[in-house]
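Chain nomenclature is as follows: A, B, C and D, assigned in order of appearance, with residue numbering initiated at 1 for each chain independently.
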Amino acid sequence: MPNTFGHVYRATTFGESHGGGVGVVIDGCPPGFQLDLAAVQTWLNRRRPGQSKLSSPRQEKDQVECLSGLDGGVTLGTPLALFVRNEDQRPGDYQDMNTVFRPSHADYTTFAKYGVKSASGGGRASARETIGRVAAAAVAEQILRRELPDFRCVAYVDSVKGVRATIADPTAVTRDVVEANALRCPDATSRQSLEDIITSAQKAGDTVGGTITCVITGVPVGLGEPVFDKLEADLAKAMLSLPASKGFEIGLGFAATELFGSEHNDAFTVKDGTVRTVTNRSGGTQGGISNGEPIYFRVAFKPVSTIFKEQDTVDAQGRPVKLKPKAGRHDPCVLPRAVPMVEAMAILVIMDHWLRQEMLNRFSQKS
Amino acid sequence: MPNTFGHVYRATTFGESHGGGVGVVIDGCPPGFQLDLAAVQTWLNRRRPGQSKLSSPRQEKDQVECLSGLDGGVTLGTPLALFVRNEDQRPGDYQDMNTVFRPSHADYTTFAKYGVKSASGGGRASARETIGRVAAAAVAEQILRRELPDFRCVAYVDSVKGVRATIADPTAVTRDVVEANALRCPDATSRQSLEDIITSAQKAGDTVGGTITCVITGVPVGLGEPVFDKLEADLAKAMLSLPASKGFEIGLGFAATELFGSEHNDAFTVKDGTVRTVTNRSGGTQGGISNGEPIYFRVAFKPVSTIFKEQDTVDAQGRPVKLKPKAGRHDPCVLPRAVPMVEAMAILVIMDHWLRQEMLNRFSQKS
Amino acid sequence: MPNTFGHVYRATTFGESHGGGVGVVIDGCPPGFQLDLAAVQTWLNRRRPGQSKLSSPRQEKDQVECLSGLDGGVTLGTPLALFVRNEDQRPGDYQDMNTVFRPSHADYTTFAKYGVKSASGGGRASARETIGRVAAAAVAEQILRRELPDFRCVAYVDSVKGVRATIADPTAVTRDVVEANALRCPDATSRQSLEDIITSAQKAGDTVGGTITCVITGVPVGLGEPVFDKLEADLAKAMLSLPASKGFEIGLGFAATELFGSEHNDAFTVKDGTVRTVTNRSGGTQGGISNGEPIYFRVAFKPVSTIFKEQDTVDAQGRPVKLKPKAGRHDPCVLPRAVPMVEAMAILVIMDHWLRQEMLNRFSQKS
Amino acid sequence: MPNTFGHVYRATTFGESHGGGVGVVIDGCPPGFQLDLAAVQTWLNRRRPGQSKLSSPRQEKDQVECLSGLDGGVTLGTPLALFVRNEDQRPGDYQDMNTVFRPSHADYTTFAKYGVKSASGGGRASARETIGRVAAAAVAEQILRRELPDFRCVAYVDSVKGVRATIADPTAVTRDVVEANALRCPDATSRQSLEDIITSAQKAGDTVGGTITCVITGVPVGLGEPVFDKLEADLAKAMLSLPASKGFEIGLGFAATELFGSEHNDAFTVKDGTVRTVTNRSGGTQGGISNGEPIYFRVAFKPVSTIFKEQDTVDAQGRPVKLKPKAGRHDPCVLPRAVPMVEAMAILVIMDHWLRQEMLNRFSQKS
């Protein structure tokens, strides 16, 4: 079960960075939807490395193939299997990392957990594993947008190494604006300086982290299942399951802790016959259930662990080793490529909770 | 399933703040353990309101009863049902809140989700629901401490309304020190000023929030199940499932985003024949798996929503209403009572992952 | 999870025959239903021992208490906890069985599995455990009958020790007819001779088994989830999870294996605009999905293991022992009391699959 | 979840008879096992059609490919994805069946459930879907046999159209004997007459059913998880999830209902220091838990629905239709090919419960 996400729309991912390929089986995809596989491919292209100088030069076409679940392009309600073959495998690049534990990587813990030497190139800890997540989300997004015409999920780079972009209205950022630049940051003013932080770190053989903001609009009221499957709880889990993520906050998040209750509460009002909140400091949920306002949250990503500076570590025999990888194909900063991953996990959460609530609506809306 | 937490040690909680009572059924409790029910009661007493001027004056004995799963005090491997009757119900206190949606409470979203008027006093959204969680964790802690003698889980109040306590070594804080003061803050120097923030807010009919740090030591290497059930992912979900929580960060968390990779990486070394890290910026996990170092994380709690100032809101018919509750039995600050809740959820996560890994150890340690 | 049944309507049972009590937590009960607790009590009374000379003289009032999930008698969508206290505990009756393994009981396997001496009186292996199942089904039946007015689930004793009753039209048997006699057999002609088989076995200190037929009508087409959660697969699991059950067959079952395909196939026809089958040898499902015809199946129950004749066995130290229990409070035949248990498990399966299909209907019926 | 089987060793199957292919993702495969993919292929060959005149002439190589989860042939503890491409697709063969509902097939119920016209050739209702199950079981069997050297699981054809084979000692039947003949029946005396029943039915354009017996030896005591996941309950579900199965009985099964308790009980004894039963009428489980004796059960398979005689049915528009398929590629009797399917599902059940019990053994065997 550790490789399955969701309760009704269930995505089970498989595949390592350097085996036959990576993919996902989606159990619980609703039947009767004409699927646009080209749109799934577009999503995978967004996630792919080699798109700009800001990301790893590893070249993979990441061509998606649908192995099952469609007839004439229409979902059957049976498991949808989506698969991407690995192509650009160069295990030689990683060979000398095999016997030593790379600091702050999953090498050591994976070995200690499974008793098997970590597969070359990171195995399931590689960002390549997220292909299955992105493919499952690309399918979900199509269905959500047909059923909930106002549904939008847009993430963007919000800060790099502590320097924040300035976004006047996060709910107004569109995916087109985000995709129009390599950094995936909608702030035209600060963008160049943020990029410079990344490229100068890269030149120094170093890496940087930052934060990503995600805004989800058009979500109906009522999504989220207390007491454990609260919407923010599942979003938090989804985000902390991404490689390199270290923190999550919804609404004002940690900043909310600095306010009085009278400053933080969102007053209710009625607009066009609908209950709304005047402010949205809560971030779109109350008591773990969506309230119809935009959902927004922020995710912290640490600096990439693979650096090209000498580091102290040990090998599998417990001997001290100096590690300095040859320049490989690693991202100097995970942020630009993490943007579609954040969106993907958010969409999987919303899709699953929307389907769960559709069943409840059968009862709650009958009177 | 929304009321069940865990995959192997599964706690299913039930009960509302103002029905017959609250409790938990634990499926997957290992057999053969002599259970100390008095220790479970001690845990419940820590969570209980009415312990100091810093918490709600609501008086409940919270006397735990074991309904099943024990024979002669020994766990049978069958479901362990723990139950606490509600006693101090005064629905009258809440009556005039019934027809209006309290700002930033779960009233509106609960009504919109289930189509049923929220039970008086908050229903499942009440902090009283956490009794089942705490009872399940009290059992788990006993078992963990017998099997892992160095296991400790200690949480404490880390900041109030943006003012941080100073804790030289978080891993050295003991539960005895935390429990010795009403605020549950181990920093003797700043404690009084933090308490003053709470009491002066309370006098003004207002509320405040803050942060709680939790440190878990004595956890073996190998806990956590990539790719979705990473240890930090399940901890994040656990924390965001608590009432009033808005953020989670592990290790350096959001602060990690301000460092270079070369500053953030934890070098490996060997101490007494064991692989260790020289620093612990990661917070005890790498790649979603515990690495044997102390696990530490921080949780943000918003100011309590129930304030005694006039607020704008609407009623169930959508009419604008001014709401000013009569002074009730609400906490001015959730932090002191949230300390055992944070520990409880952390323990549930560790217990579940420890049991999952015990099975894997069967294979990973055989060679 | 072994004590939870269902995926959407999830019943988690707890309690042993001789601890504090037995009960169930239902997670996933739809909100907004006025619950008739007296009807739940009626169900429990049907399951209760001491109703006639054909069943154990053990006297329990089995008074149900609702611990949570209701407000003003209306389901909240939160966990519904139903509890029955144990009253008539006489562990003395069982004492000398404690140290020896009773042939064909769960004593030995339970001890071998959990390493804990089986609780007196059978623990979870006792038929008393089924109280939680019956209570959960009593709730489900109320909801199903309100939503599906033609829904009926009726089981009855079909044979005793190989002697079959004659039932002209199983779909015409009503629960009133079944409940009107101690044997729960609707065949007035053969009933007395079947009862005589039981009472004469009882006089000889022996026990007998038999079969129960269950017919479910008013089930919509479309229930069942291939490939693993086929409707008959979940019914089979439900029935084989009952104490003393040894076999399950749906439709013609084993007799179907004696026919040609041309004799067994159910031709389709159209009645009143609905696709129907001319015959119903399939038993109401095809490909694991209900087809709208009556669902019927048969369950085999072995003779009760507790007999009052001397038997060879061993004790926990592996020493040979002669076992002859003093006359206790055991049923000479499980059949009459198993009738409501069979119905209960069938209703839990239908309820769960109906809720699952309600969500799918959202999509499958939109075009 | 309907396409996932198991709780710890979880097999999620995907694929239709006439899409890109069929396969399985196994989550929970233990790490560190050198996998013999040729042995997996041998299993798939056993299941494949076209092996004899007794089965469908459809020709598929069913060549298995491992997409993930291995490094150097060793299991990593990550998801193992096994895939078989469809090759011999001739949708033309099925075309005229597309618009009419074939009697006793899944066409009508699938259409009613999902609202999507059933895929040509049966979609997920095709026996081809079982490839994923068989592949998952082939992996599990390798691991079980390495860990439990005496473990064997052997199924065989036990009766055809009501005529039973005579097997003196079911526990002595080996897979080699079963595989040595097309019928997969170990009774050399009656085999020819059973085959004749099939071939003469085939000549008449008709089909027959029968029963399969399965015997599992070398299973440790303690497997099975009351109260719902009893070993026989999960076996029953596994068997009833197979296409065309209509009944299940364990031990003496329905015949047990004809005995007195004194005739049916299995006396305990001690052999070589181990608690054993003198007889094994229970079929290897008591109270839902394995007792160390051979597990044996019987499964009923109906006659194949596809016959080559004219039948009355209706089309998707509800119009009466006469259906007489042209001779296609269908099995006249499912039994020979169902033998490995029965074994596969039994092995999946044992593997899952063995892993579950391995974790419990940690506690139950410590004293």
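Keep in mind that, in the parts below, contacts are C-beta pairs under 8 Å (C-beta built on N, C-alpha and C of every residue); 3 or more make two chains touch, one makes a residue touch a chain.
Just so you know, these numbers come straight off a predicted model, no measurement behind them.
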Suppose chain centres are the mean of their C-alpha atoms. Which chain sits farthest from chain B? D
Comparing A-D with B-D, the one with more C-beta contacts is A-D
With chain centres defined as C-alpha means, what is the inter-centre distance between chain B and chain D in Å? 46
Chain C to chain D: how many Å between their CA centres? 26
CA centroids of chain A and chain D: separation to the nearest Å works out as 39
What are the residue numbers in chain B that touch two or more other chains? 1-4, 7, 13, 31-32, 77, 113-116, 124, 360, 363-364, 366-367
Enumerate the contact residues on chain C facing chain B in the complex. 1-4, 7, 10, 12-16, 19-23, 25, 27-28, 31-32, 65-71, 74-81, 83, 113-117, 119-120, 123-124
For the complex, give me every residue of chain C touching chain D. 1-5, 7, 13, 101, 103-106, 108-110, 112-116, 124-125, 129, 159, 161-162, 201, 206-211, 221-222, 224-230, 232-241, 243, 245-254, 256-270, 273, 275, 277-278, 281-283, 285-292, 300-307, 309, 311-314, 318-320, 357, 360, 363-367
Which stretch or stretches of chain A touch chain C in the complex? 8, 30-33, 77, 355, 358-360, 362-364, 366-367
